[in-house]
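To start, the structure itself, in structure tokens.
Letters are used for the chains, namely A, B and C, taken in the order the chains are written, and counting of residues starts over at 1 for each.
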Amino acid sequence: MTLKGRSLVTIDDLTTGEIGAVFSAADEMAAAIGEQSKLCKGKIMASLFFEPSTRTRLSFEAAMYRLGGNVITAVDIGATSLAKGESLSDMARIVGSYADIIVIRHPWEGAAKVVADYAGVPVINAGDGGHQHPTQTLLDLYTIRKERKTIKGLKIALWGDLKYGRTIHSLVFALAKFGANILFCPTPGLEVPEHILQKLVTEYGGEIEKCKPAKQTGEEKVFPLDAIYTTPTSSHQLAMMPDVNLSLDLGKGVDAIYVTRPQKERFEASESELTNQYQVVDKKLLKGKEFRSTLVMHPLPRVDELAYDLDTDPRSQYFKQAAYGVPVRMAILALLSGAKPVPVPENETTEVKVAFTVYNRDSGLKCSNPKCVSIQKTELKYLRPEFKIVNREPLTLRCVYCEHGFEPKYIASTEWHEGKVINKKYHPSDSHWARTIKPENLIIFASAADAEAQGFKPNHYMGGKH
Amino acid sequence: MTLKGRSLVTIDDLTTGEIGAVFSAADEMAAAIGEQSKLCKGKIMASLFFEPSTRTRLSFEAAMYRLGGNVITAVDIGATSLAKGESLSDMARIVGSYADIIVIRHPWEGAAKVVADYAGVPVINAGDGGHQHPTQTLLDLYTIRKERKTIKGLKIALWGDLKYGRTIHSLVFALAKFGANILFCPTPGLEVPEHILQKLVTEYGGEIEKCKPAKQTGEEKVFPLDAIYTTPTSSHQLAMMPDVNLSLDLGKGVDAIYVTRPQKERFEASESELTNQYQVVDKKLLKGKEFRSTLVMHPLPRVDELAYDLDTDPRSQYFKQAAYGVPVRMAILALLSGAKPVPVPENETTEVKVAFTVYNRDSGLKCSNPKCVSIQKTELKYLRPEFKIVNREPLTLRCVYCEHGFEPKYIASTEWHEGKVINKKYHPSDSHWARTIKPENLIIFASAADAEAQGFKPNHYMGGKH
Amino acid sequence: MTLKGRSLVTIDDLTTGEIGAVFSAADEMAAAIGEQSKLCKGKIMASLFFEPSTRTRLSFEAAMYRLGGNVITAVDIGATSLAKGESLSDMARIVGSYADIIVIRHPWEGAAKVVADYAGVPVINAGDGGHQHPTQTLLDLYTIRKERKTIKGLKIALWGDLKYGRTIHSLVFALAKFGANILFCPTPGLEVPEHILQKLVTEYGGEIEKCKPAKQTGEEKVFPLDAIYTTPTSSHQLAMMPDVNLSLDLGKGVDAIYVTRPQKERFEASESELTNQYQVVDKKLLKGKEFRSTLVMHPLPRVDELAYDLDTDPRSQYFKQAAYGVPVRMAILALLSGAKPVPVPENETTEVKVAFTVYNRDSGLKCSNPKCVSIQKTELKYLRPEFKIVNREPLTLRCVYCEHGFEPKYIASTEWHEGKVINKKYHPSDSHWARTIKPENLIIFASAADAEAQGFKPNHYMGGKH
């Protein structure tokens, strides 16, 4: 097994075995942080931050320097070439000819994948919009594993803004991969996006149980559970329990509570008031016995959602998390750049990814996520939309860039119209005609108008439906 | 004596002996600047600039690279985490887990102390608002000592904006520490703050003589003396002389004139016109015999207050000052990081600092300086106001963060009300009651309203006074 | 021959032989890019970018790190010292005392010369307004030479914004120096400035042939030739050919087409619509046989002027160009810093520069280019305007800073008025009197008003002319 030359765009790019190898390397780094300065000697890391950040960037740069390498940095690039209209792919190719490895943060979802596709050198995603932040996830997992030895079977509560927090969106898949149970405790209105829950079920095989709103019984609602994810191997007793018994099971203890700040910078106008409902995590909230040995985690920076009275509490892990950022990133840099050979771990899981049909026909279909890299003006010049067909009923596509899912309403078939103009018909994607089309023959339209713009006529059976 | 692990927040953090050790190390650095690259090998300096700066930051970074170390830099951090509401203490803890030493510039006065309190690694203040800039002071002193061999007994004129120039606010204490006399020559309206003069007298034991305004006799007013500080060991003849004879003594020569630019960025609206009265220092001004061998100094950047016609004048030191910034900062970095052991200098002065009573009771008292770090919204969440009681008549507190002094108007005593509600009375701080309270029993209020808000009643003797 | 300690402000600072030496060094660097890390060990490069840039800066910084050196960087310095009113010369002196070599980009034309005049260390111009960008030119030439072995006799087409593109303004002189023919193909309204054509003729001795506008014959106007520069040694057959035959000769093939983006950030308000006429270079445009083996070049970033369909075309060189930036800049840094001795190349051309009379008399004459460094408020305090007299009929001056040419309208003679007030007369610069004045006696005025302000009277022969 080797990680040399590989990129890390989403947490799915690493198997559990590879993550284990990263952690072993991080252990080595942490044990003798001052003695790694030969590993990346002569290597250059490019640090491209299109969104303001200090913590993550400095952590990566410190990691590269600890490895003896050098760093070229561009921050707040909004004002430079990109403003001149340059595409991400041009930037990627050029910086890829200067540096040996690239770290990128960008507000567009899927941006890191584009850079990885064009750079010609390994690329590490340091946050792409609300999509993913896989190295944060690695250090989060590393922290949990340090304290609990294993991740399998743990109960991890995710707290706060689960809608826009990209650290959450990486973390859930990693937790699922390692067999943890996830308690979703969002601030109302900031629930985890449906496409993420769907992916958990479709690809990780666990189950999602939606919880009923807490009863208005006057009892303190300390734990605003919205949904529970249980792993396929779990006994399901947690998920199956009626809401009323949930507290009993939680009484056995929550292993970690992962708090996130409201990502106000990504809020839509209508969401600006949601922070009023943010429940602060403090000593008082965590006084129950189910929290007696709960790890209190936060990717930082915090604003008001995590109280300072926990700073000296032995349960608090957040400053440790931040500190682990350096050895974990050293490990990632060393492995991807090929500076360090990876020992094959014994507990390597053979992960079989679900193989979805890819849809990339030029039928005018575009990703519906306004923050997706694939629909930005500068990128449209060369990027071709591409989707995975992750479900047929209802027909559901997932963008390969930003991984947002959506359900297009109309379809046609390549078979029906090859040379036969009369059959150039389009159908509702939930019609019985739709089900009969082979995946490889699908033509998919975002709207009836799109279909008609391409010369398709409504199926006469559609009637008033379209 | 060791400086390893120590921080440099104000110039008072170093004794004269320790400053001497820094200078010896700087001499060594300057003598072989290319041969120091093993000293800080593998070490990382974090350079955190919350205010724009080029000169100071580049000087520190060049120094660290000359020592063989590495640098992680964040500039103009206004747009990043702090804007998301993060506190300085969180930032300090996190960056302290990435780097071996931190250099910080920040617009809030006292910010460097907060960072030093939480970082866990040595912190160097590179300017905190109008408070201090101790490494600038070290290179200023180093320049003077290079040219004059000693600082003791010299006459140093400070020129221009003495109100907002933080280099001035560090320099006066260093000059006093080494026994120099100080001639304050402010642009009218930009006099040195009272709390600084007070500290000079209280802690350095010298005397301040205020000068009468220059007579309107038609003679050229080359030297707008506002106040003179004479060291305790001086013969007092300078300070005691009536104004009319002052020029005779100055005729023996001013050793250095230290010019500063107007710090317009810190001016209040009402002060915007003050630069019109700024007197330019040029060859003409310095044609008198008292300036024959005066060192012309400036921390740079200059605007219009220092003429280019002095650039080639042998008296000019300002470009030399800037150049000394590198070896002096190399010395500081090497000593604080522990990279270089400090030889104990023979001329070590045993400095006895005045031990003031500390006041940090939670009586609603806050620092009155609007730029003080301790009253900022993000810092209020965890910072506890703390003051030194530097005088009793009038009662004068000095904030431990920004070192601004102020005179609170009302007090009470813990003895009077312990269990005795009837005695929960507050008094004017200049009343005879006030004088009888032991320092350790003092409760101090900013206003009568604050006192009453905490359940205290006015002393009936106060009458109309409160 | 040594380049140690030299600056690179314009491409004229290097002879063809020296450029050859740079290329040999670049070849060595490229052949073993990972083995150069001892060359600049311990050296510091300062990277001062007063204009946003990512590509050029990162390329220089990567180059310095590949050489084992270190980098101190200041970007977007608009907000810092300069905003406080500091001059370039002060900045240059100070940074020159921190670093061993300086790389500067600045919006003012001639800024790099000022920095080079004051820094005391070698300075490399990384772009000064619309003036020059000599290292870009070196990598452009290097790319051509790699592909064609020689530059002499090639036909190079320059395409797009030839008015504001500084890469163009450096490149034309380099091409002329090496004996290439230049085909100017500007977007209408963005023709190459007259002073550049003039310098080509005056100093490089070639000829400029202006082309007639393409006939409106309905035939596709693929190649909007505006002017042709032919080298002095060429047979002139290209330039002499009537327009109608031009295509025949071009049929032998254009060696390279050098496309530039519209430099919108330098456009005047009236020019904002010019990009509408920008002709896109794409596969279709280059389908003619004269382009069969044309090198397609672009300094990047591109916007819409160069189509993505050429990216995989074997003629395209632009990503290679960018990649060559690193070894070429490594070579320059190593040679100017003295880290690498320069072998004297055998084919060294003894270049005799034209020796022009210098005019720097204080007659109130200022450079007419509003972007010239010499007329900026902060620089006026110390800079003295200076011009080369590059022509007498009409009298033409070239600013030594920005190299813009202009034709002042009035003159006088120092001989005529020394002690003789009656002769303090000024004359139109195109009058017969003007021709009789020796260059060293010239007094030059921008306007009659300027002349009169200095006590000169109009020559009575002037009549209504002034």
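Keep this in mind: a contact is a pair of C-beta atoms (placed from the backbone, for glycine too) under 8 Å apart; a residue touches a chain by one contact, two chains touch by 3 or more.
Quick caveat, the model's predicted, so the values are computed rather than measured.
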Starting at chain B, how many touch steps does it take at minimum to reach chain C? 1
Same or different residue numbers at the chain A/chain B copy interface, by half rule: different
Chain A-chain B separation of Cα centroids, rounded to whole Å: 48
Indicate the residues of chain C shared as contacts by at least two other chains. 73
In the complex with chain A, residue positions of chain B that touch it: 41-42, 44, 46, 70, 72-74, 77, 79-81, 83-86, 90-91, 93-95, 97-99, 381-382
Chain B residues within the chain C interface of the complex: 34, 37, 52-55, 57-59, 61-62, 65-66, 73, 76, 261, 264-265, 300-304, 308, 311, 319, 322-323, 325-326
